[in-house]
Amino acid sequence: MSVQSLEIRRSSASVWGSPSGMRSVPTVAKYIDTSTCIGCKACEVACQEWNDLPPLSTQQVGTYQTMPTLDAGFWNLIRFDEREVEGGLMWLMRKDQCMHCAEPGCLEACPAPGAIVQYANGIVDVNQDNCIGCGYCETGCPFDVPKFHAKTGKMAKCTLCVDRSSVGLEPACVKACPTGCLHFGTKEDMVALGSLRVDQLKKGGFTTAALYDPQGVGGTSVVTVLAHADHPEWYGLPRDPHVPLGVRFWKNILRPVGLLAIAGAFVAAVGHYFNFGAKQVQGSADSETNLPQV
Amino acid sequence: MASLAATFGRGAMTNGWVDIKNADVILAMGGNPAENHPCGFKWFIEAKKTRGAKLVAVDPRFTRTAAVADLYAPVRAGSDIAFLLGVIRYAIETKRFHEDYVKLYTNASYLIGEKYGFDDGLFSGFDAGKGEYDKANWGYEADAKSKAYGVDPTLENPRCVFQLLKKHVDRYTPETVEKICGTPKETFLKVCEVVTSTGNAQRVGTITYALGWTQHSVGVQIIRCAAMLQLLLGNVGRPGGGVNALRGHSNIQGATDLAGTFEILPGYLKTPAGPQQTLKDYLESATPTTLNKQAWASMNYWQNYSKFMISLLKAVYGKNATKENDFGYAWLPKVDGNYSWMYIYDDMYRGSSMRVGGKEAVPEGFITFGMNPVGIGPNSSKIINALSKLKWMVVVENYEIETATFWKAPKEYGGPDSSKIPTEVFQLPASGFAEKDGTFTNSARWMQWKWKAIDPPGNSKTDQEILARIFLAVRDLYKKEGGPGADSVLNVTWNYTNPAAPDLGEVLKEINGKAITDIPDPKDKTKMIRTAGQQLENFGQLQDDGSTLCGNWLHLGVYTEAGNNAQRRSTADPTGLGMYHNWGFSWPANRRIMYNRASADAEGKAWDPTRPGIVWNGEKWVGDVPDIKPDSKPGEFGAFIMNAEGVARLFAATLNDGPFPEHYESVEAPVENLLHPKVTSSPVTKKFSSDKDVYGKKEDFPVVCTTYRLTEHYHYWTKHTNILNQLQPGFFVEIPVALAEQKGIANGSKVKVSSARGSIEGVAMVTKRLFPLKINGKEFWQIGFPLHWGYAAGDTGHTGPLANFLTPSAMDPNTWTPEFKTFLVKLEKA
Amino acid sequence: MGLTRRTFLKAGTVGGSLALGFDLHEARAEMREFKISRTTETRSTCPYCAVSCGVIIHTLGDKAKNATASVVHVEGDPDHPINRGTLCPKGATLRDDINNPNRLTSPKVRRAGSDKWEAISWDDAIAQIAKHIKTTRDKCFVEKNAKGQVVNRNPGMAMIGGCTDTNEFNYLQWKFITALGIPYRDSQARV
Amino acid sequence: MSAVPIRDRALDDAVTVARDREDVAVGNEIVRHRLSSRLIHWSVALSFFVSVLTGMPIWTPFFRWMADLFGGLSVCRFIHPWAGIVFTVISTVQFFHWLGDMKLEPNEKDWLGPRAWKYLKYQGDDSEVGKYNGGQKLFFFAVSLGALGLLVSGVVMWYPLSFSQLVRELSILLHDVTFILFSAAIIWHIYLGTAAEPGTFGSMVRGTVTKAWARLHHPRWYREVTGQK
């Protein structure tokens, strides 16, 4: 998306950062209420239909879950989990997708300039034109989201329907969601909605209910209501996600240090030359008699 | 819907989808709305979120609905009556019912004649020879003086309906319910408490159900329980209340309204039978006599029957229908006996049919528009073999279906070799929904026009064109050659602008009806309420002298002089209750909540002023379109205008299996009936006797099995659609963890499920969502599988076994709906 | 081929970076355009369950004479009071139902004893079906039952259907059934 | 080893001899690297530079301009792992090719420390330096180990999803650290081989060095080849 219509807040592998700040736009967010999700998978296919992603081939292996993980051609997956707790049965369902982190690990890890961008409204997107398919973002992402597409050789994931939201429409999955467990709006509104629902759940006996908006990645533009927030892993969510330490160290310390080291090696060589000059062979090389005594 | 009609007067979803948001309690039982009606289910969630409503799910399986419910109670498949009568008992015992409502709007106070009785599983009047009841035994006690029916407003007379009901349900204690249904007592009592919390003026609850109730040999009586419970709780007619039948096909309601089934004509008029030789005979037997309670009169709306019928005859036969020829009544086919679903294939298969003592032909030709009996079943093998005896068959479809290719069905289904099948099969490609306009009527009775988006693909044609072209070709043959009953063929009107492909707008106009001649105002004969040719606007304009024509009186108002009201798309909802009166058209009379007179008390004030249905403003009823004469004062008429009594029936003498529901086991029952072992299954249920109709014993087939749909698929169509195959790629059998362990079945491995009819194989889905239930102290297993597969899946490769290969030919004695939901199987590793 | 904004930006990227050595603000090529901004929208009703969700069918082209419509997208009708734009997985994939390669597109007939379909023209199919109906009806017609009552029925035929078709079709079907006197008739409402 | 007599023949006898033999004196020159050695070295060098030039723009956008030498970053992304594989394969060949010459002698251990500094200050006592000095030998082992490290971590980065998150992160760091050290070392390798020690570069081009060069830098080797004291 050009800067004219949707400013870019961050851009991967950008030397000087990206121009933004002229406009003030609200951060948008998607709200997922796992306590009212029925796992109907409308979001899964609404996503595929909008993004023209052809169906994948799957097999029944004893679960309602369509496939084990997200796929480059399947950006939105309901994870199912049957769980017995204190004699009560729960059938948990959660929409798994890109979380659109405020501090995106994928963007941090991405080496291709402008391949992963964060728009001013918070959407994190893979720009297919610039993506080189290196897969570093897979390592950078604490949620195991970006996937490599074999046909394009590029990474793919949920775009939060940036083509829809940039013209003022909600994402396709949110629009489709029959029970309204998905919502779309400003981050502020979605957090408020989440708090409201969490209060309801707490009153209804789910004392550990909370809104999952992990601060380890600066918060996310996908906020999730969990009735059992003390066990995010039941929903397939990491307890305390953050941009992997390795990736941070690599990008923020190792890379500049390395650059300096290489430059240092070069400077040192030049300095050495100025200081000591060449170690010249003395006299004529032709004459054995003139060989220097060592 | 027979039970709702028997109780309330009309057999359809009482309220609407959006209205569910107004409920305080939602009991989802006999259906899995989250799975099967996700977009309607949003209003369940809305009620939870905005009103703090409690959603109670009662189901043999822990379903998608249960996953988001506030309370889940397991129940053994086929034991719902015991459960619900237990709830009714609890309501009466604990006085958690809406007494004012019950006295005002139900027949609780009506006295029942001495001939009624119930003993050891049988109601009075049972004829063991015929396997039928004589319903005359169940009549009201007539009051000789007033010629009205005897009532006891105190509800204390032991012969009044209320006392009889109390006595009848007294056996269904929580302990008995636990023994029969396997529902733990504490859970059951919690359900009772939540559900009966609406038994007052302040709170409202709704009950939603679907085929999980309908498809039982006692299906009608299960639904009766729900209807009775809602009457006791005072929830019928009120926003947020009602008994909401969630229907499964886009226009199943419309198809029924327009006489899809043999026993009715459009608008639920009765199909004439042999004995009714003249229109007069017919009208006399079909028009109910008004029964007046002392307090108020019944509108008995069906007393207008002759207007509906004669206007229909004028629509069918046009100018050929005259007063002199009984409006062509004689040309109508008359029935003798039962011609419903399972009889079609039974007669076809056996090759013989006896009608009033005489042998008659059985179908040798068969036409199906968008239906797939081989998949639908039950007992698919019998249906395949029945179709194999046909001379010809026409299948009009979007996809190649199992029925069209029954002659190449896999051998395991037991059909003959294709070389031995004489049937000439025509497969005609039809248009899909997007390729034609016209109206669908949804579950909530909303008629909505849809517009055509594109042309049908390739050489396919719209269904109306295919039907019309066949009709015109047949009519031409009769014109040329004549033949028996040629008059019936030739006198039917087909005067559409383009007879070979009728414009659906024109057809809808005919359904709505118009004045043939000027219709004078009865109050002032110099004025006309309609002039010749004008579209009719309401039921009141219908005449029985041949001056109006109307294809379906129930749809009157859908296409008036104002235009096609099914095309209205106003999102205005001034009540805020989700009625949307200017969106489409809702029969009857654009009424959004039926029986809404009962939403107000005796004086016409809303039971709950925050959720008024209609209220009396001193001059007329305002709010929803009133389900009562708009200017009739409170107290003038009873609230249930379609019932001759003017009230709803807790006691309904019209059903074939008893005026009260009683727990009977399914035809293939895993246990004896705990209450009356001598009468385990319904004494009046119908079984068949051909060599294909075999029934399993509990000793050989110990596991209870049920079938269902998945949200990812639609019936037998969508296995042709790969994007949905991706979501649910194939057939599976859901098996409780402990049963799988016992049998050494691993998740994802192959299993074989057998019933007395045959066996199928599929992938095991070992799940915690099914579990053993303790029935009378003994553990029983339930398994289940979805029904979406078959052998015709185009080039997708997503074929699978026919679920209905296993289901039995057993059915409800009122609706003749097959018992798909409970049958016996055995489970093995494959 | 014209130089679109997209290719222009790409060209700019390469040219710029070659010229300058390296480029600081990489060009951001436009991503997917909003794909339904100029499609034709048609209001329809989902053909599956009886919630009857409103859907909007997006077809290619603006209905100009020279444009052939095909369905490119289906989405829920946000105005529809019941579904308010939402759809279940079946409704959300209606495009794949409409455009399904498995749709039947021509009449076929399977003759007695055969094990395969044969192609047949519409005219022939209609004529042959009409002949079958006439023959069967003439043969099986019951004008009077065993009790001598006039019943005018044709038990030689059975007909089912209509639950996924329009009210108007159902009405025509009932007239058809009435004209032919078919007593064996039923619909999905029963099962 | 003995000196090959000068024959009255073609102009550049040394080059001809250097095709297949080394450690022989030809006239005033000594063949230091025979053709195969040089081919191996330059193959390693070429694949290394391709890897570097395709890897650097991926490493940091500062070197983004390098990508355009190959037709863009995506091309780099494609070439880099393959160039890396080629680099590792030839490095392996190189390893075994030179392994015999690279046996560290006990007294060479201090090349890791003060000896290297002395050497750089031209103050070292080189009299016992053979064909390769201790620094060269250590460099040899370091780059061989580095090649192995780059390979192992590179494979993980090539197929990230086949490995655990921890392994992936460690690999990225290993690849980086190795590459940084490798690059710094190569800069000095080039510097020492060209500007700092004139006459050295010829050994990798012609294959020969002057006797004077040999006597200066590798006296023991010089003695061994020429038989002189």
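In this document, chain identifiers A, B, C and D correspond to the written order of the chains, with residue numbering beginning at 1 in each.
FYI, a residue touches a chain if its C-beta (ideal position, glycine included) is under 8 Å from a C-beta of that chain, and two chains touch if they have at least 3 such contacts.
No experiment lies behind these values; they were computed from the predicted model shown.
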item	value
Farthest chain relative to chain C (centres taken as mean CA coordinates)	D
Chain closest to the middle, measuring from C-alpha centroids that were averaged per chain	C
Selected pair, greater C-beta contact count between A-D and A-B	A-D
Intercentroid distance (Cα basis), chain B paired with chain A, Å	50
Distance between the centres, which are taken as Cα means, of chain C and chain A, whole angstrom	39
Distance from chain C to chain B - Cα centre to Cα centre, in angstrom	26
Contacts with 2+ other chains: residues of chain A	14-15, 40-42, 44-45, 49, 55, 113, 130, 178, 180
Residues of chain B touching at least two other chains	38-39, 42, 711-712, 722-724, 727
Per-residue multi-chain contacts in chain C, two or more chains	22, 83, 86-89, 91, 93, 96
Parts of chain D lying in touch with chain A, wherever the complex brings them together	28, 58-62, 64, 73-74, 76-77, 120-122, 126-127, 157, 160-161, 165, 168-170, 172-173, 176-177, 179-181, 183-185, 187-188, 191, 195-199, 210-213, 215-217, 219, 228
Interface residues, chain C side, partner chain A - complex	5, 9-10, 22, 24-35, 37, 73-76, 78, 83, 85-89, 91-93, 95-96
Interface residues, chain A side, partner chain C - complex	1-3, 8, 11, 14-16, 18-19, 40-42, 44-46, 49-52, 55, 113-114, 117, 125, 127-130, 159, 162-164, 166-167, 169, 172, 175-178, 180
Contact set on chain C toward chain B in their complex	42-54, 57, 59, 69-71, 79-84, 86-91, 93-94, 96-98, 100-115, 117, 120, 122, 125-134, 136-143, 145-147, 149-176, 178-191
Complex contact set, residues of chain B against chain A	34-35, 38-39, 41-42, 45-46, 48-49, 52, 62, 64-68, 70, 72, 711-712, 722-732, 747-748, 763-769
